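Read the structure below first, then the notes.
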Amino acid sequence: MGIVVRNIRRADRSVVDAFGELGVATIHEAQGRTGLLDVRLRPVYPGARVSGSAVTVSVPPGDNWMIHVAVEQCRAGDVLVVAPTSGSEAGYFGELLATALQARGVRGLVIDAGCRDVPELARMAFPVWSRYVSAIGTVKETLGSVNVPIVCAGQSVAPGDVVVADDDGVVVVPRREAAQVLAASRVREEREAVSRKRYQAGELSLDVQDMRERLARKGLRYVDQEADQQ
Amino acid sequence: MGIVVRNIRRADRSVVDAFGELGVATIHEAQGRTGLLDVRLRPVYPGARVSGSAVTVSVPPGDNWMIHVAVEQCRAGDVLVVAPTSGSEAGYFGELLATALQARGVRGLVIDAGCRDVPELARMAFPVWSRYVSAIGTVKETLGSVNVPIVCAGQSVAPGDVVVADDDGVVVVPRREAAQVLAASRVREEREAVSRKRYQAGELSLDVQDMRERLARKGLRYVDQEADQQ
Amino acid sequence: MGIVVRNIRRADRSVVDAFGELGVATIHEAQGRTGLLDVRLRPVYPGARVSGSAVTVSVPPGDNWMIHVAVEQCRAGDVLVVAPTSGSEAGYFGELLATALQARGVRGLVIDAGCRDVPELARMAFPVWSRYVSAIGTVKETLGSVNVPIVCAGQSVAPGDVVVADDDGVVVVPRREAAQVLAASRVREEREAVSRKRYQAGELSLDVQDMRERLARKGLRYVDQEADQQ
Amino acid sequence: MGIVVRNIRRADRSVVDAFGELGVATIHEAQGRTGLLDVRLRPVYPGARVSGSAVTVSVPPGDNWMIHVAVEQCRAGDVLVVAPTSGSEAGYFGELLATALQARGVRGLVIDAGCRDVPELARMAFPVWSRYVSAIGTVKETLGSVNVPIVCAGQSVAPGDVVVADDDGVVVVPRREAAQVLAASRVREEREAVSRKRYQAGELSLDVQDMRERLARKGLRYVDQEADQQ
Amino acid sequence: MGIVVRNIRRADRSVVDAFGELGVATIHEAQGRTGLLDVRLRPVYPGARVSGSAVTVSVPPGDNWMIHVAVEQCRAGDVLVVAPTSGSEAGYFGELLATALQARGVRGLVIDAGCRDVPELARMAFPVWSRYVSAIGTVKETLGSVNVPIVCAGQSVAPGDVVVADDDGVVVVPRREAAQVLAASRVREEREAVSRKRYQAGELSLDVQDMRERLARKGLRYVDQEADQQ
Amino acid sequence: MGIVVRNIRRADRSVVDAFGELGVATIHEAQGRTGLLDVRLRPVYPGARVSGSAVTVSVPPGDNWMIHVAVEQCRAGDVLVVAPTSGSEAGYFGELLATALQARGVRGLVIDAGCRDVPELARMAFPVWSRYVSAIGTVKETLGSVNVPIVCAGQSVAPGDVVVADDDGVVVVPRREAAQVLAASRVREEREAVSRKRYQAGELSLDVQDMRERLARKGLRYVDQEADQQ
């Protein structure tokens, strides 16, 4: 506790930015169904999608002091990722901090706690994914740490990891695997585009993905509804 | 497990369609305050209303194979109703399956688990009512069943039952009672239209519904606030 | 139980109305971080903000009879505040009651239970903050009370207290402290306007709020990321 | 609503009783992993195990009148199964009702709501599985039904079904399948006794259940921890 | 915030003590089904029952400083009642504080947050009712208040109110109504003793409480199970 | 996925064993209030305390195959730590697996999911800390990993870390810091023994820990209850 790590390594900016065109579900699948934060983290307003490099913050419950410390460590293209050391409903973050972050080019916030000033955040177009919308005030009394590895909403996040968030949730990609996961996500996206066309034309995934034989081997049986059934 | 029932009986299409103009709350009241699914099932985007015939799917936790099987059993005017055999946060359903269903004229999905690709579903106007928005991937390993009676979000749903969903939630109407519940819902709606006018004119439900005497009999007392009270 | 208090004292109308221009978070902070209702109470549609004088209603679980009784006690500028005596998912309130309240100039509803007819409420612009959206019907069998002190979503609310609600949640201000909290809220708002400008210009709260020395005294240490770190 | 079905069919008493020697997990597995009630239903005191024929009760939220009605329909060897029509934290049941049921030879209660008088129930050895321990009082104003099919804690329960409950939870077995599930449960139990001996002797399930080859086919890889790993 | 009220008035010691022989459910019923704290507050070990005068403590989330302050305000026959100003999972209380309280004759703790050192508390026979068992540490940085009115787990508690807790939960009785509620509780208990005897003898509450006629008037119908049903 | 790491490094056996005499709360405090797993993980029977070296298992939701694989990697003095890749209520573990683990000298299980056969586990004295007691069956279809770093109930756990669990919950100590945390825990325990004696003698923590001056500086005020107050 009480440590601020400066000058963290980040993934290539071009890689980080490219993730912003891909959906969270696609990326999660492409890296082997890992990295998805708890589904209880939701966007405070709909329609946003961001990718960025994680600046991580470990905060005490009900104390947002370290977020103020963390602002200084952020630069353009970052996403702030905040986790309390134990469950908290407090509203750690509002439009003043968002103003400070936006001035530095930070793209959004992911926090496993509460966020407030939702109307203002929507107006500013500063997206936040949080567990609660909450106006509960916080104190500034106890230290935490910035840019140490944290667990946020059930996932390990290291400083410099790539974080992508949209209406489906939030996914984290380890910094060193970012380029490779990006490539895999694109492959997946292209494959899905092909399937989509076939489904639009009325084909069935049973045929497109060749499932019938395996289903039969597992024992799937087709029967017609009996006359006296419900 | 492992059974697909084909050629289920459905309610009259005209009845099914007529439900689409009625609110979920009205229908729930009109059939004696029954049939409402757990209030934790919410629309993934606001403003949709659908009615349809239930094609039911029982799925294992974290395994969406049977949804692929169910697509083939759907036809125009249906609503897919999916329940995992135990609680699951997985994202069983996304825009590819929605594309396949929409191509067959299916009107929406009700699922007591997670759904993903929310931005795409909104764009496609394919409505989903789910317990979670979740990108968590699923496997295709274990059989379930299609068109067997299921319990979904606390209510029994039989294949061919009428399902109606809007921003208030989801209600199920047994197939054989559909025509009668439709009639009762319309009666209720007309009665409410009359009350609405009277309320708009400033009348009180105490008078419109003649409650004063019964309240007095139960012992309701009116007092004025005392000078020294709060 | 079974008491209706008439002619409650309210705060000055000008004070009540002035709160409507202030955010819930600001007011909560300005009165010493008190008065915020449980963060699980959420608006049924986004974008509304109201202030009003509380007409309080204590209701049995699943029984909305006393809301009908309470309508008569409401006047222009009020907000209805409803709490069940134990947890309830029922949909106590819909568009008919909203119609009756709107005809009297009531500005909104706060309820620690369920609310239905969400599409109609949005259309009417009658805002509701509730724990659930729920179409579950209620009965009219058991008395409660109107305009007695209640606990709603974890906060004491007395009749005539000022209630303010927006997308951030709901805050209650004791009637006698309303003028003073209003003044303090405005001071806070002005102070925040100054900070906002400085943050927009790229200044850090570490400097604007002069935090660096106190952080150092608490032991905060800055280090650079090591070469072999993650 | 408002119906009491008398003289329900029950499973053979010898079959019902025999289930009392088997664990809930075993029975759940033996009938194909179905029939288990929501895991949030817990015994109010540890150590009990009962089997019995279900007398079902559908009750309004916060209203226990129909439980009084149901007592008369119970006979020796029954288990009362109670579900509110929507979620309720009320304490529907206490030692007086337990006294009445015990006098008739009823073996226990399963309720998807609250139960009170826990110390007295433990003293009387009348076991209850409930979602809450709760002293919240109930009213007697609204009808429900007795011995109609209900959904209790996520499972369909028909009157006369066999219900088995122990510290692991509650499982329901359809009346007509009771004999066959009992036989399958015993087979499973015997098979487990054999495995247990082998495990006690230090054998691995990898070998006892012959899993190694299938794991390898799925791609499982064994590696040694590297020198520089954590 | 930051206030300690000394020398609070308490109810008559004989009245406070007499409540210790009555169950929480009985008292809750006898005072008109009010005063019961949220059912999620549970005893950390089974079998305890206490009554005492409330010393109230309002604490910040994750900060237990004011409990240390409160100890000094306690005397023999008290029960400490603690509520955080917003939801907290922290373990505010353990065996050292219990030792200090027990040395002063305090009978137990009620806390709408976490408690730790459960094995030691059981050994000391110092009972605690809490929302969580939690070892999460707390800080001592921010003031709260002692002996001000608080909301604890959904109920208003004033200093000097009588608090009774057992395995069924926790109920609060306003100080000024204590003698009267005690009398009403005893009446209820005696009446229940009479009913209990009749139930043990096999009588039905339908008859003992004379319910049959009112049930019939509400429309309850008895039918026999049909031959082809279930 | 699909990796089993063999021959993990563990902390010194004497250090691991020594933790077994210390409480979870003490260790959590001694390592700077870190390492505590989510408070919703509870022992399935009361009174157990274990310490051991973590063998970690990452499992798919509803699939316990990898636990069978993990047994072989365990040795005397270990504790199995299991986390599903997304939330699961399934009962992954029962008495057969416990038999296999106990035969190898494994001391207990920590699992962020469900566990079954609770009566048998109590009888065997094989302690389990789990999120649910659940009989829900699992499949054996999909690979996970053994002895990779995992997040379990909100904390990072690496293979070979020391895990300590008792009635207060579960704490993890990084392997390399084990000796130092053990020492700090003992220091803390001794300091608490001194405080305990003083509290038993009636001293106040306000004096023992010298809090009065700091409280006064923060602004704490003592007042006497006014005559007309509650």
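For reference, chains read A, B, C, D, E and F in written order, and residue numbers begin at 1 within each chain.
As a working rule, contacts are C-beta pairs under 8 Å (C-beta built on N, C-alpha and C of every residue); 3 or more make two chains touch, one makes a residue touch a chain.
Keep in mind it's a predicted model, so treat the numbers as computed, not measured.
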For chain C and chain F, the contact-path distance works out to 2
Intersection of contact sets, chain C vs chain E, gives A, D
Neighbour overlap between chain C and chain D returns B, E
Interface of copies chain B and chain D: same or different residues on the two sides (over or under half shared)? same
Averaging C-alpha coordinates per chain, one finds the centres of chain B and chain F separated by a number of Å equal to 42
Chain A and chain C have mean C-alpha positions lying a whole-number Å distance apart equal to 29
Multi-chain contacts in chain E, i.e. residues touching at least two other chains, fall at 33, 36, 86-87, 89, 136, 142, 149
So the complete set of touching chain pairs is A-B, A-C, A-E, A-F, B-C, B-D, B-F, C-D, C-E, D-E, D-F, E-F
Within the complex, chain C is touched by chain A residues 2-9, 45, 65, 68-69, 71-72, 89, 91, 94-97, 99-100, 103-104, 114, 116-120, 132-137, 140, 142-143, 147, 149, 158-160, 175
Seen from chain B, its contact residues with chain D in the complex are 1, 32-34, 36, 38, 85-87, 149, 151, 154-156
Chain F partner, complex, touching residues on chain B are 60-63, 86-90, 136, 139, 141-142
Listed in rising order, chain C residues that touch chain A in their complex are 23-25, 28-29, 33, 36, 39, 42, 46-47, 49, 166-169, 171, 192, 195-196, 199-206, 209, 211, 215, 218-225, 229-230
